[in-house]
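Lettered A, B and C in written order, each chain numbered from 1.
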């Protein structure tokens, strides 16, 4: 097996050399080479490229990282990258308003932090007389009927955080003609919503982490990639971008494993890899929830913690600080849960909003770590909640009141 | 399956189906009772007072009344057109799966693989349709064939290899999950507009999906009450040994219930594909259709050990869960609190049935 | 020799799997490597022992997975990084485990609710209640002392292996006692057991209490091993039941040994390790698992006298 990997790596390197005329990442010899850009990005060492990989989106997201967002400097949730404004005069009406929200789920800490942040944002605005939120509990089918139910509730605007992309499209399309719809986090396959809000996205997230490893891990170093689940689009984009980066690099991706987001399983997998390979030089993760478990696997094996990619959860940041690790934390900021409320009010007041509202997506590095570390917040709290100025902070987010 | 049900039967069994508060219809219960006694399981014992099916419909009425009051206090309006349609839409898929699960449980088995079968059939159907109207018929055939095949495997593993249903169907579930994870990255395929009408159209306050559920329930009711297979299902679930000695080929009956159960899951998968506009590899597990369908069946008064109960109760059980859901929705109850209430309701309901049964027994 | 007979074919399967692991990874044969495997298997083995008591008495316990989650989340919130709180909280966790087991047992036996439903309801109640209490996500932190049991070693041997030995020994001793005989009798034939003077309800309730206790210990080990997580217990109930059944214990009760059940858990863990080691893709891993479980149980069933088919 090892031999075949070596052969394949050699083949890919050759392919890359041959195709170096194009400056597009890993798409080989330009337009004539292949009609399917994703296929040619496939590399044997890290498996096939995901069906979700869309070269144009990838390029756009990577470019966006360098752009400066417009908007108030200390409020990233009101900023937008390269906004194309859309007119909302047709939706203008007088307050007070009734906002409705169809939530995919609150079944993980990220959504919990976001949901609390959104509720606090609602509390800031007196002109919101009523806020109705339905929780679909992670069920597509329930969310479809939730949306249908909300459209019949004389809401002034409907906010949707879709459970999955393709499958919520019909429901959202059905709601659009009846009232202004705002979609955030995951998108839908229709442009009928007034605005779609999310941070730069999964490609940028995945690339941020992978590029860090390419920079910090010496050539030939062994990298372990840990993913939560297959088949979740937002996570697939993260991995496919990382894969593109790794395939271009000299790094040796020794394994791509699924952890189910389970800390014990993560720790076991990492321990196994340490035992098998003697040394792992870098760990890439598609989500940071189990980063601390991965770090502990190295500690328990009596090895120094290698360069590692986490996320903005407090337990990871704390570990990073305490152990002075070589680490980076790409983020998918929870402050995006504030934006839909702000957008809804702007729309109802007839102010223009970006059609595609791209929020900045900062990454935490050793330089700015201290500004994000909040020891009084719970271990799974996300630092980029943008919630520090909101009513009820920190208690409502589970933090210790001082 | 549904062609066997004549329209009168269909209408009777569908009685609890429309959006108006179900009357706690005596019709299905009557059928259950006869079927039950006909199976010889009750030994001619008549129900003193009311049976589980009436209990569930009374509970349903109670929950609706309580929900109406609570929502009114909250300043809302409980029985609007949207909520009534919502209750039916939300319960149709679970309802269809639960009808199938009822058959398996009545025969003394159970099926933990339905959630994955739902995901798989939704994908098979959506991929074959690929947005073309012409693809609908082949897709329906393929989806039903795939689900029937999985049911057949379940049944054969249970009967031929003598593997306990819990393990057999858990094993099948893992196998299907493995295949799904291997083949699919996420939603795939596309359902044509015309097929989406199955999931979205409605006749007045009754969605087509609810009619489909009613049809499936009526067919199952007809099967249990009017056919020899139905009689045998009760016999095998009541006491497999006695059934075998009296000449019933118990293995075949169990295989048949598993095929039907799986086909019901397949129908639910088709319905979900039409709702979602695509197939999705996690739609079944996200919906928790495996354990929830079993909970709904038991909530409807069917004994988990088999041999007692029927489709009427299951329909009531599913509606009760859906109405609870709707009340929670209206009151915006937190998802975690919902789980607590659901857990308590399921256990309490079964405790009530058990109490009634044991009291009758002691008489 | 009697031991081998009670363990049955599962030891052969286990031996083959262990040999395959050793062939792919020689480190496994070193004491440290093998102890690491035992350490990892400990929580599941203990859960399987607890589940065995319930299954052999003719019941199911589906609540152990969420009970494990409850243990870890409660521990994190109450300890909140305070070393001094460790021991009182540990005592509380054990008490919670016992109490939940008692509740499962009483509802199943006194209220005559099938245990599948009792524990399914308990699973919903527990996972809902604990996150209702913490506001959706875990809060607080575990103390170093708490994490010792799942993470640290005593000399060369991990604490969890020592706890596993103690728990396994206790389980075997319990099954050899009078209680063990009554438990099997209750599962084999409730009526006959009852006529011969076994208090079936009390015996079964005790089985649930033991399962709750096992979940408490497993929760303490898992929390110690990997820290705070919201989904630490997810799916453990099915794994524990699968392990017990792999060990040749009949669902429906009355047959099988606790040692074989624990061997079943080791087998399952060895299977996970092996699949990982041979690089079976994350997705197909489940399919392989499913085939092996069905095959193992089918192979076991062929040799055994048939009971009623498909009796839950």
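The definition used in the following text is that a residue touches a chain if its C-beta (ideal position, glycine included) is under 8 Å from a C-beta of that chain, and two chains touch if they have at least 3 such contacts.
Here the structure is a predicted model, which is why all the values come from computation and not from measurement.
The greatest centre-to-centre distance from chain C, using averaged C-alpha positions, is reached by A. Top contact pair of chains, counted by C-beta pairs, is B-C. Separating the centre of chain A from that of chain C, both taken as means of CA atoms, is a distance of 36 Å.
Centroids of chain B and chain C (each the mean of its C-alpha atoms) stand 31 Å apart.
Chain A has residues 106, 230 in contact with two or more other chains. Shown for chain B are the residues that touch two or more other chains, namely 180-181, 334-335, 338.
Touching of two or more other chains is recorded for residues 136, 282-283 of chain C.
Residues of chain A touching chain B in their complex: 50-52, 105-107, 132-135, 137-142, 144-146, 148-149, 151-153, 163-170, 174, 230-233, 236. Listed in rising order, the residues of chain C touching chain B in the complex are 107, 111-114, 116-118, 120-125, 127-129, 131-132, 136, 238, 241-242, 245, 250-252, 281-291, 293-294, 297-298, 301-302, 306, 308-312. Residues 25, 27, 33, 36, 40, 43, 76, 134-141, 151, 222, 225-232, 234, 273, 276-277, 279, 282-283 of chain C are the ones touching chain A in the complex. Put simply, chain B touches chain A in their complex at residues 80-83, 85-86, 89-90, 93, 180-181, 184-187, 196, 200, 272, 275-278, 280-283, 286-288, 325, 329, 332, 334-335, 338. Only residues 1, 106, 108-109, 112-113, 115-116, 227, 230, 255, 257-258, 260-264, 266-269, 271-272, 275-276, 289-290, 292-293, 296, 300, 315, 378-381, 396, 398 of chain A touch chain C when the two sit together in their complex.
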